[in-house]
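Comments concern the structure below.
We call the chains A, B, C and D, going by the order they appear; numbering starts again at 1 in every chain.
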Amino acid sequence: MRLLPKLGRKFRRWKKFKKSPLLRKLDLLHETARKRAFLETSQDYISRLQAECDENVVTKLRDKTRDQFLYNGTFHEAVGKVLLTAQFFAMMPVRGVTAKHPSSLSFSWLHVRTCCCLLFITSTLIDLTLTIFKVLDGPISFNNIKPIIFRGCILLVCMTALNLARKWPELMMHWHDIEQDLPQYQTQKEKWRMAHTIHMVMLVGMMLSFAEHLLSMISAINYASVCNVTDDPIRNFFMLTNDEIFYFMGYSPPLALWGKLQNVYSTFIWNYMDVFVMIVSVGLAAKFRQLNDNLLKFKGMHMPPSYWSERRIQYRNICGLCGKMDNAISLITMVSFSNNLYFICVQLLRSLNQMPSVTHAVYFYFSLIFLIGRTLAVSLYAASVHDESRYSLRYLRCVPKDSWCSETKRFADEITSDLVALSGMKFFHLTRKLVLSVAGTIVTYELVLIQFHEDQNLWDCDQSNYS
Amino acid sequence: MRLLPKLGRKFRRWKKFKKSPLLRKLDLLHETARKRAFLETSQDYISRLQAECDENVVTKLRDKTRDQFLYNGTFHEAVGKVLLTAQFFAMMPVRGVTAKHPSSLSFSWLHVRTCCCLLFITSTLIDLTLTIFKVLDGPISFNNIKPIIFRGCILLVCMTALNLARKWPELMMHWHDIEQDLPQYQTQKEKWRMAHTIHMVMLVGMMLSFAEHLLSMISAINYASVCNVTDDPIRNFFMLTNDEIFYFMGYSPPLALWGKLQNVYSTFIWNYMDVFVMIVSVGLAAKFRQLNDNLLKFKGMHMPPSYWSERRIQYRNICGLCGKMDNAISLITMVSFSNNLYFICVQLLRSLNQMPSVTHAVYFYFSLIFLIGRTLAVSLYAASVHDESRYSLRYLRCVPKDSWCSETKRFADEITSDLVALSGMKFFHLTRKLVLSVAGTIVTYELVLIQFHEDQNLWDCDQSNYS
Amino acid sequence: MRLLPKLGRKFRRWKKFKKSPLLRKLDLLHETARKRAFLETSQDYISRLQAECDENVVTKLRDKTRDQFLYNGTFHEAVGKVLLTAQFFAMMPVRGVTAKHPSSLSFSWLHVRTCCCLLFITSTLIDLTLTIFKVLDGPISFNNIKPIIFRGCILLVCMTALNLARKWPELMMHWHDIEQDLPQYQTQKEKWRMAHTIHMVMLVGMMLSFAEHLLSMISAINYASVCNVTDDPIRNFFMLTNDEIFYFMGYSPPLALWGKLQNVYSTFIWNYMDVFVMIVSVGLAAKFRQLNDNLLKFKGMHMPPSYWSERRIQYRNICGLCGKMDNAISLITMVSFSNNLYFICVQLLRSLNQMPSVTHAVYFYFSLIFLIGRTLAVSLYAASVHDESRYSLRYLRCVPKDSWCSETKRFADEITSDLVALSGMKFFHLTRKLVLSVAGTIVTYELVLIQFHEDQNLWDCDQSNYS
Amino acid sequence: MRLLPKLGRKFRRWKKFKKSPLLRKLDLLHETARKRAFLETSQDYISRLQAECDENVVTKLRDKTRDQFLYNGTFHEAVGKVLLTAQFFAMMPVRGVTAKHPSSLSFSWLHVRTCCCLLFITSTLIDLTLTIFKVLDGPISFNNIKPIIFRGCILLVCMTALNLARKWPELMMHWHDIEQDLPQYQTQKEKWRMAHTIHMVMLVGMMLSFAEHLLSMISAINYASVCNVTDDPIRNFFMLTNDEIFYFMGYSPPLALWGKLQNVYSTFIWNYMDVFVMIVSVGLAAKFRQLNDNLLKFKGMHMPPSYWSERRIQYRNICGLCGKMDNAISLITMVSFSNNLYFICVQLLRSLNQMPSVTHAVYFYFSLIFLIGRTLAVSLYAASVHDESRYSLRYLRCVPKDSWCSETKRFADEITSDLVALSGMKFFHLTRKLVLSVAGTIVTYELVLIQFHEDQNLWDCDQSNYS
């Protein structure tokens, strides 16, 4: 009876020697790695226990001061402040965005935020109607319909955002469930990363848009002082920037104030829709990265099929989340993308004309570069979702021969054959290839423009469609 | 001897505990789901038995009144009335389209419908010849060949439809066989869905085309009254709308009537070819959805390989059907698609010119939007076949680890690698990507047009090629 | 002991009943099919034996008269006469093209055919040099370089063909080996099919090119009589069609004869290169079809893995052959394709101008349609290789569940992932998608041309670059 | 007991006969091949032992003279001299490039080469600033910004190369590790091949660029003598070629010398960046070929799974290396590619104008052809990496049925689904398809240019932006 274990041991040793030297070397490496990983995880476990213990004590004692600065790494937490800021500009009126848990989220038609939003939508609708009437009064051209496109996009995005607000609580709950299921980060820094990126994107985006708006105002003041219609400089300014209002009605300060408010809100939303797409992309890409970081930890080791099965299901869940979010925001994505393309083309068309003044030139080139930069940023952030989703494949390629099983095969096949990316209504997927084809199209258009350019004096004083 | 079951039980319990907690949780979920499914199916079975029993009784008693309103969910049944309507306009002369079973379908060269169809083809041929002679008499341009393209397409579609009519009985029998083999819907509402969509497509399509024809007539009357050649307003009208006839022959009421009939029929067929492609697409997509609905029902459960094998063969059958239908109608698809593209380009070219009157402007923009909407509708409905065919993959992704077998692998591989879609003579496949590339091409063309536009006065009174 | 077979039988029966009804039905069907197939093959075997016997007798008795009319279905045999015809026009000087077996093929630099070929290449080189000098003397434009492109292509193709001739014996032996290994056709009709298609392509191609050449001569005579430089009509004609010669040298009958010969040869080769690509495509597609016909015969039956392994190796061999042929002729393919594209664009550019006479118009439109038709024919025949190579997948999809093995999986994967098609130097592959993108490019070019067209009078009498 | 081996033998014989004749034939073939391979490897082993022995003796005796001429076939060794040459032109200041082992490589900010490089970057920055001010002083057009693009690219490449120099030692170590792991070549000729190709690329590239620079100088001298501003021909020359310097400052010989040096260095780097991309491509492709040569050796034989596993890991390593190198040089690739495209477009635009003199024409056409050739060479060399990486698939297709295992399947799947190629910042991958699409774009652009060309006199004397 004692023979058996002995024989077994011998057999195992023999099997070991039967292995190729390469495999043995690999195994040795992995053994060490596994041991290290085990040590790490046990240390993690201890430190986590201690941390939790510490936290419990600390939080009980210090009135949860520290807890406020602790990140749990969820997307809901990370976008809280961003959505709150947007709500000041009548976007996505959903309650509880800054709450700790997404279950506090709720939407109601009767809430004051919703009413504000509806008020703004009505106001934009009136503004759009006035603009359409004003533009249709003159000849229609690619350049002249700019205000219609601008206001139409704002209106469309506002309404989509309102609709999205209704689905937001459910979406965030789904997102939260999937997040809880993912392999968790151990350190605060890793948890804090996604939130940090999101806040930086919002901050930089808004700062630049603010700078652009200021420059646009300075440029308009400058322009108004040259082509002065009346003696009142303030009146001149408003009659220039809100010409669609005063085309039908006489000038009056309340109307001017309305117009100014409308402009500020529109500019914010015009920038915010791009920022929003970027933020969602950052969130989704971060989830894929969270999974990839776990795969990286066990790269090249002999993992059991259950490990791969678990990762595959998590991967599948994030893909599902991606699809859900894409369905919810793809209209915004599409509007943001086509809007940017249209504005770049219009600006490029104008770039060929002589600038009337230095202020204009500065504003114009700042605005053009900002526009191109923003478009590029949206494209690249959105493409990062796709890139991260493909990245997992790299770790599957390093699975050692003996651990290669039906589950790893299935996982690899699924990653290979699925196209996980944000899309514009499923008509196009946001990948890095798209950036090139869009850039190519713009360059070709610009080349054709340059080749057959005749100065059309788009900066004339008479010309009313200034903005 | 009693030991064995005990041991077996223990062994099974031990195996159960050996499973990962995730798997156990999954299994528990599926167990419940399976039980529910079983209960549902048994309830279904009972209710079906009862329903059949009821039916038998009811039908025997009430002279099959109820049976007339009961859908069996077949495509043949759903398109019956649509085809009948088309036959009033000399399209697809096949008998028995409204019969309950496709075996009643038959085609004969000697039937009165076939003769009508042949008569109309001859008449169109004459009209086309006259048009060609008239157009070749003047300078040829992209805009001037519009009537030739229009009538040529009508003729081509009519002849293809006649050819299709010969194959229709066989196609419908094949379709019926495949339908019978598919997992059946249990409720009347689900069976009624496809037929409803098809009827709505036909209705909306025909209503809009009727509205467009009316507007075109009003516009022509208006136009004729301005550029009056003779004193007779009716004569003016006919000499405008059927100028190809009266270019060679003197005016006479019978000829005018022929021209009018020809116009009405042509307009119907011009719209019907798009509607037809949409209807076939709806039918094919519905069959894929029927399969997907069954897959959804058992999503994530532990199904035996035979289940997947059966579904795979059903999927394969629908793919085969798709291929057969595509072979039969791809010429119509191609004509419909290229025809739409050409007309959109021509209309966009005209859109840059000043409209002669408000009636014209209304007609023109209605017609342009109708055209773009119709093209978009055809593209999206046709693309839905491809979308639905890919959708099954989603359910395969959720097959649990233990049920993943050679059959599921094969099924997934086949869906991934096959491109199931309607096509235009295999030169292009109708998917959502196509829509974007077509839209991109049109926008580029329009941009170039705008950039180098000089007013060409395409709305002149002298200009004879009005339509 | 007698129990065992009984038990076995029972067990087998029980296994039979355990199968799903669908499977049982399938099996029954296949059983019948297999029986039929077996009967067929045994009948085939007998009839083949008899046929061979008959043949032996017949050939011995009747001086092999019948043998001459019997096809063995090889590509070498099918292209024999085509290559012989080409050799009369100094193309591909390889000996033994009409021999029964490809082992009779040989190439030698000293053979009279090779010398003829080299002579023609030298003559073309001189002609090209004269043309270049003549064209560079005037302004260079897209239209003016036509003669250079024409003669340059001829020269390039001739030299490639000469190089191909050296490799031809080896290629044909390789082809022959692969053909022998393929499942053989049983009937004369099936064997004759490929040869028939090849002969028809050659015949129709050459007839049309002859008609085009005749028309071009009539048109040139007509043109020469209008813009008569001298009184001698023959001299006028030659000075028009071979202006590059008489631009530097005085007119003399021998030079004119040389020019005429050069023209006839060039025209033949210009058409032959397209025909050649078509013929090779027909040959390759036929080999794939031969394999597919065998797969069709056993479609849906339970075949052993060895059957699939054999087919896979045969498929792989044809793919290898495809690659080899592509390497050998891809330069000709590329020249043929780009040449056709260039000529279509030039002709379309000219099509916008007013024709000087009816003869011209007839010749011009015939030539344009011939050109487009030829390009389309080359594209579609070449694309058929790709289509046929993908077709095998369809039969693999119908392999029953029980016969699905590692070999079928591998076969299916290989067909899915490989792109088997003729190519233009690997830069583009000749598939049906290519046809669309090329057509799209041409249409776009034509649209831009039409939009910005100013009559450039390319048909002026003064203009020397007539051809 | 003696029965068993007998039975076993019988069984094996029976199994042998059960095999299909095809398989048996294949096996026979492979058996022979395997025997040959074994003999070869054993002979190799002996000869290697002898060679090593010889070497040991020889090196000890003859002061390692022979060793200097022996290649070890590493990339580090092959690029040593190329990098050294580049360092004379202030590119990539890394020490130890000509050492035998990459471990001798090091980078330091304080080294004299690094200082030279930083000096040149500062100098280029000043030159670029002057150029920008000069160009912005006049109207901006596609043609006028050429000097900015030129100098901007040089600056960007220099800085990227400096950054690359910091990572170079690590990259080369990684490369070396992977090289050591690959199946080694046995003969000196095979080892020498890659180094030879790299040296030829460098040599031919530099010779042509030198010729182009000489021609450009001759052309400038000629031009300066015609449009003489002052009486001093040398001054005229420098004021033409370095107009951005003397636009702001008065002429002085030291400045002229600086300008000349700047020009020479810029021209070298402008060519070197393309050569560098080619060299890295050659290196990567050679590594894939090394693997493929080993696969070719055992093509169609029965190899154990461990063989395939080893090859797969080696393949994976080269892919990883490819990715690493791509990350390191993709900015250079992108600059090189877009720079070439821009210059080709500008040159094509100029090609439509009348040349002022024969010298100009010669220089212009030489420069244009050189540019197109260089771009084509970069594209094709870079595409060869992708081609070679796909080539391994061909050998996997020939794996016999019995040796087809999970490892071969995995290997084939990985090759099929991965896209291994150099890229331009991941926006586009350098494959043969790219070449076609780029060529297509250029031809379309040229066609549009030709169609709407009006002579713009870009060669005027007044025009200051000569270069």
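Following the convention adopted for this analysis, a contact is a pair of C-beta atoms (placed from the backbone, for glycine too) under 8 Å apart; a residue touches a chain by one contact, two chains touch by 3 or more.
What you see is a predicted model; the values in this text were computed from it and never measured.
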item: Proportion of interface numbers common to chain B and chain C (over half same, under half different); value: different
item: Length of the line joining the C-alpha centres of chain B and chain D, rounded to whole Å; value: 52
item: Geometric centre distance via CA averages, chain B-chain A, whole Å; value: 37
item: Multi-partner residues of chain C (each touching 2 or more other chains); value: 413, 448, 452
item: Graph class of chain-chain contacts, one of line, ring, star, complete, other; value: ring
item: Contact set on chain D toward chain A in their complex; value: 141-142, 305-306, 309-310, 313, 316, 319, 345, 406-407, 410, 413-414, 417, 426-428, 441, 445, 448-449, 452
item: Interfacial residue positions of chain A with respect to chain D in the complex; value: 20, 22-23, 387, 393, 397-398, 401, 404, 409, 412-413, 416, 432-433, 435-436, 439-440, 444, 447-448, 450-452
